[in-house]
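All chains are identified by letter, namely A, B, C and D, in their written order; residue positions are counted from 1 within each chain.
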Amino acid sequence: MTLDNIKTLEPSQLRAEMQGLKAKGFDYLSNLIGMDWGEEGGLGVVYCVENTATHEQAWLKTASTDREQPVLPTVSDLWDIANIYEREAYDFYGIIFAGHPDMRRIFLREDWVGYPMRKDDKPEEQNPLRMTNEPLADDTTQYDVQADGTVTTKKNVVFGPDDYVVNIGPQHPSTHGVLHFRVALDGEIIRKIDPVLGYIHRGVEKLNESYTYPQTLALTDRLDYLAAMQSRHALCMCIEKAMEIEVSERVQVVRTILDELQRIDSHILFFSCLCQDMGATTAFLYGFRDREKILDIFEETCGGRLIINYNTIGGLMADIHPNFQKRVKEFIPYMRKNIKEYHALFTGNVIFQNRSKGIGPLTKEQAISFGCTGGTGRAAGWANDVRKNHPYAAYDKVDFNQVLRESGDSFDRYMIRLDEILESLNIIEQLVDNIPEGNYKEKTKPIIKVPEGTYYQAVESSRGEFGVFLESKGDKSPYRLHYRSTGLPLVAAMHTACKGFKIADLVTIGGTMDYIVPDIDR
Amino acid sequence: MSNNNYFSGLFSGIKSLLVGLGVTMKEFFTRKITEQYPENRKELKMFDRFRGRLVMPHNENNEHKCIGCGLCQMACPNGSITVTTEMLDTDDGKKKRSLVKYEYDLGCCMFCELCITACPQGAIEFCTDFENAVFDRAKLVQQLNKPGSKVVEKKVAPKPEAPAAKPAPAAKAEAPAAKAAEPVEKKESNPETPTTV
Amino acid sequence: MEVKKRAKIKSFPYEDFKDNETYEKLVQELNANGANVIVTQLDNLIDWGRSNSLWPLTFATSCCGIEFMAVCAARYDIARFGFEVTRNSPRQADVILVSGTITTKMAPVLKRLYDQMADPKYVVAVGGCAISGGPFTKSYHVLKGVDKIIPVDVYVPGCPPRPESFLYGMMQLQRKVKVEQFFGTTNKKQKEPKE
Amino acid sequence: MFDFAKVTNWIDALLLSFLPGWAATLVECVLVALAIITLYAVFAIILIYMERKICAFFQCRLGPNRVGKWGSIQVLADVLKMLTKEIIDMKNVDRLLHKMAPFLVIVASMLTFACLPWNKGAEVLDFNIGIFFFLAAGSIGVVGILLAGWSSNNKYALIGAMRSGAQIISYEVSIGLVMLTMIVLTGTMSFSEICQQQADLGWNIFRGHVPAVLAFIIYLIAGNAECNRGPFDMPEAESELTAGYHVEYSGMHFGFYYLAEYLNLFICAGIASTIFLGGWAPFHVPGLDGFNHVMDYIPGAVWMVGKTFFVVFLLMWIRWTFPRLRIDQLLALEWKYLMPMSLVLLVLMAICVSLGLTL
């Protein structure tokens, strides 16, 4: 959608406005995007808050023209997730949020020089490869603006000298990639988790600013590689809407089917990895056995197993393979049968039940405040499915349920995913026989230039709301292309979910949260 | 916890464990799905659309279709392709661009297919060969045009093959337009034309 | 005495392997000094053991890691080669499969992991990211090839390489291991990364 | 039934014929030690191969099949590699304890291994308090694990070792009680006598019927926990503690832990088959003399090893099916379920025996 009504606020007005919105029921902060609008525009932030009852969105922005020490007020006390989003903006743009309790870098090393996402920063010149071990401070700085306008600092403690801190990751089998948790333990009990991110921060958003639009597509697959279809779908849709390209019905339906296949793929992998983490290696292999069927469908039609590279601006790279429908139709009953096996082998198992029921619960309020979309939010009873709330592609033409559960503990998060596999199968079943005829790709200009403006498009990716925020100045490269990570809120919520549980539960909770690290770090 | 709970929990727990054991035992006797790769090399066939590595097909006269326009190089997001060209005088006195070396870094390629979509001639394509591991990084930089090869003469050349698709592919329509739109930028992409051999 | 080792890999003819030129060169280098027969036989035995027991470190940073999981899973089953004993502790692993992007923040960690491994240790760079930075070559936070910090034995291109290429890469590594000399240089490597 | 004592007596006589008594004993000890070590190694290799194959079959794949026929010499390759792998010397460890720990583990495992009765007359360590000795020797292993965790100077290793300590000591209670239950039935603590009795009177699991079957199940669970194997592999819980107490060990030191893990499994299964399934005693059905006669032709060692591998298979089946417990649940399982149950069993068995209700 085109955002032509972003409300511009002075930094001083921001907090009052935000508090007002929060009171009006805008309780989900879906985006907090750092921006660099150059010398005149200054360094600023774009906020998007959503009302979880009406699904109405409000977009706001604010900026400070001081490039030396830009200070904006924090909203981290209003929404929990703002804490980590503001650290991201600080890390990339050097924007200081007054009143934020923990102004540390989050993605880059603490000894990193400069703020790489600023348009005038030259990160590579100032930052040669440092092979020394990374310094990790045990305390942090809070900046406050006093009544007279001066900025004061104060030290906050992250870990005290008495904390028994264990580093889990970045190289650890159950962090699903290179995530690093610093965990303060009391015996086996977790007292505090401090995530250290950025071990797979690949600077995708910065790269995008130098890429042409077709080139930016190539990177979306590699963000959340288990939602490659959906991420790329989101970006394509965003660009298509901005350029007012109508894609054919055929493309819409094929994209929907593939998105759902991708979701099943991701949820099977979720199941497998959770089993692996909890020591049931055999179930892990059963999951992978079934996943290979989807990968075959992908590979035959799209040419890739994991990095699929299929959606493109205006349609698809190639038409679906003649075998596509046959294979998909074979897969549906096969998968339904095997889901029963999963339940028999793992879900019903008393050990698993005891290890997951009541473990790491997130309440609905917490899930919303942390912006934990996707299965994690729905397990807590938050109806956040983008497919229902803001329908796109062919989702308004199919009949499906939004699976919701109540307690938001690990078991519910697990069950949500397995139930969603069945829902996705239903969606595919409704569509696969009725793929309409039509072009598989619309004609586009050889050089794609998006008209000036700001655009946002969200899709329901495998693990939540994946959003593409695009600001264009009418060039062939985007001025700013930001992705709303689905995993970052999940990691942010880890401390809340894990506190008071045991170190073995960290594995269960992390597994059921289902985050993918390259998507967190981007 | 009441006594009742204790025992019913115990028995339902044991039952769930037995169900699990049953599932694994059933799998123990089902056919294994493993594909034995090096043993099945002869039967192993990749899907047609699988992207193994980039190749430039040559016909039996050692001719390829690349005219050296450099569009692929420009389309490539991370510089895996380097096209070196030279200017030759044709018989009718015009200058004509001709390909000298088409270098492709397999170790860098991300298989996004942008080069293939960009190519107006259909000169490059992905093959399904997947056995590419080497000991030396330098070996991954491949020269795609065979030594001594030359471009197919326009009159003889058939229409560039469009990918197997039924509706008139946009790629084809896009191709001439792209060609027309590009000439200026093409030059800056490969400024150094090697001296004629 | 000219002793020429040339590894045989089951069901895979020597000629079908790629990059045999580098391999021949390697063989020449390793056998430059020659060796006596008994030592050679012992060497062969140890190399046979080592090449068939390359336990990988579970190290995955991104996409390629998922393909590595697929290789370990039922359909491709790396266990057929005996490599399924993935170790989580670098002390017990033989080969580190660098699968995925290595960022500059991760680079010291990777180096440390490599240093923690016991000799003889091998490195396989899997996928474009590990070989050259791949899709992210132009990024400010990505290491452009792991061979800048640790010596790499085999490069497996692909983005991500499909499971068969993975296995092929492992066979290439087996070939390399099979020509090494226990009573020589390779047991205690002091290799330095390129450049 | 062939009595292996004939062979040992013959060797003894042969040696005494040209050696003084002390020298003969010395030579015999060396011979036996060699035999035990060889057996130990051979069984370790077989078990590892078996585990890898069986686990693969449960997981619908093939397992090792490229090294040798059906991958049969895969483990030899692993052993060769492990032997020639560097053992890393670390700076900040407690050197002595760090180096000693794996040996303690392997010594404990070998001592208990020597307790197994292989055949009639083929027992290495056979006292009248054999079971007692077995339990005592088995608990040395936990010292090795604790030392490994402590001396490694690594937080993961320490947590793993502490878990292991808590786990093994708890489960030893059940094992002790269950064994006591069976001692009530047999009336002896010597392994050879237990086996002989079962050869004469029938296997204990049949003789002791209900309490014996329950005791067998409890023993399997507790024994599995003693070996630190899934679903009780908390100390090394890969996904939590990377490799647990042996995270800092490399080369053959790690190899010792690896071997000991499998051999402990074998010993646990071996003791189960000795105490419950008759050890080397063949399977007899009362009344079917022809059948019993055929069974007698199968050597005792085959029975013993066969039964043991059967139990090993059961344990592997369990391992490759279930997820891992959490440490507090593991202890709850012991103290809230297994221990009370084994106490009840002990009483039940005592009642059965005193009322003559055994078969």
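Worth a mention:
Just so we're on the same page, a contact is a pair of C-beta atoms (placed from the backbone, for glycine too) under 8 Å apart; a residue touches a chain by one contact, two chains touch by 3 or more.
What you are looking at is a predicted structure, and each value in this text was computed from that prediction instead of being measured.
Counted by C-beta pairs in contact, the busier of B-D and A-C is A-C. Chain centres here are Cα averages; for chain B and chain D they lie 55 Å apart.
Taking each chain's centre as the mean of its C-alpha atoms, chain A lies 34 Å from chain C.
Here the spacing of chain B and chain C, counted between their Cα centres, is 25 Å.
Chain centres here are Cα averages; for chain A and chain D they lie 49 Å apart. Residues of chain C found to touch two or more other chains are 10, 73-75, 77, 80, 88, 135-136, 138, 159, 162.
Across the assembly, chain A contributes 172-173, 218-219, 282, 285-286, 289, 307, 345-346, 349, 351 as residues in contact with two or more other chains. Residue positions of chain D with contacts to 2 or more other chains are 56, 58-62, 65, 238, 242, 320-322. Chain-to-chain contact here is organised exhaustively, every possible pair of chains being in touch. Contact residues on chain C toward chain B in their complex (touch as defined above): 9-12, 16, 18-19, 22-23, 26, 74-77, 80, 128, 131-138, 145, 147, 152-159, 161-165, 167-169, 171-172, 176, 194. Across the complex, chain C is touched by residues 52, 56, 59-67, 71, 74, 76-82, 84-88, 238, 242-243, 246-251, 254 of chain D. Residues of chain A that touch chain D in their complex: 164, 166, 172-174, 188, 275-283, 285-286, 289, 345-346, 349, 351-352, 354-355, 502-507. Chain A contributes residues 108-109, 116, 123-124, 127, 129-134, 170-173, 177-178, 198-204, 206-207, 210, 218-219, 222, 225-226, 269, 272, 284-285, 288-289, 291-292, 295, 305-307, 517-518 to its touches with chain C in the complex.
Every residue of chain B that touches chain C in the complex is listed here, in rising order: 32-39, 41, 44, 50, 53, 77-79, 105-111, 130-137, 139-140.
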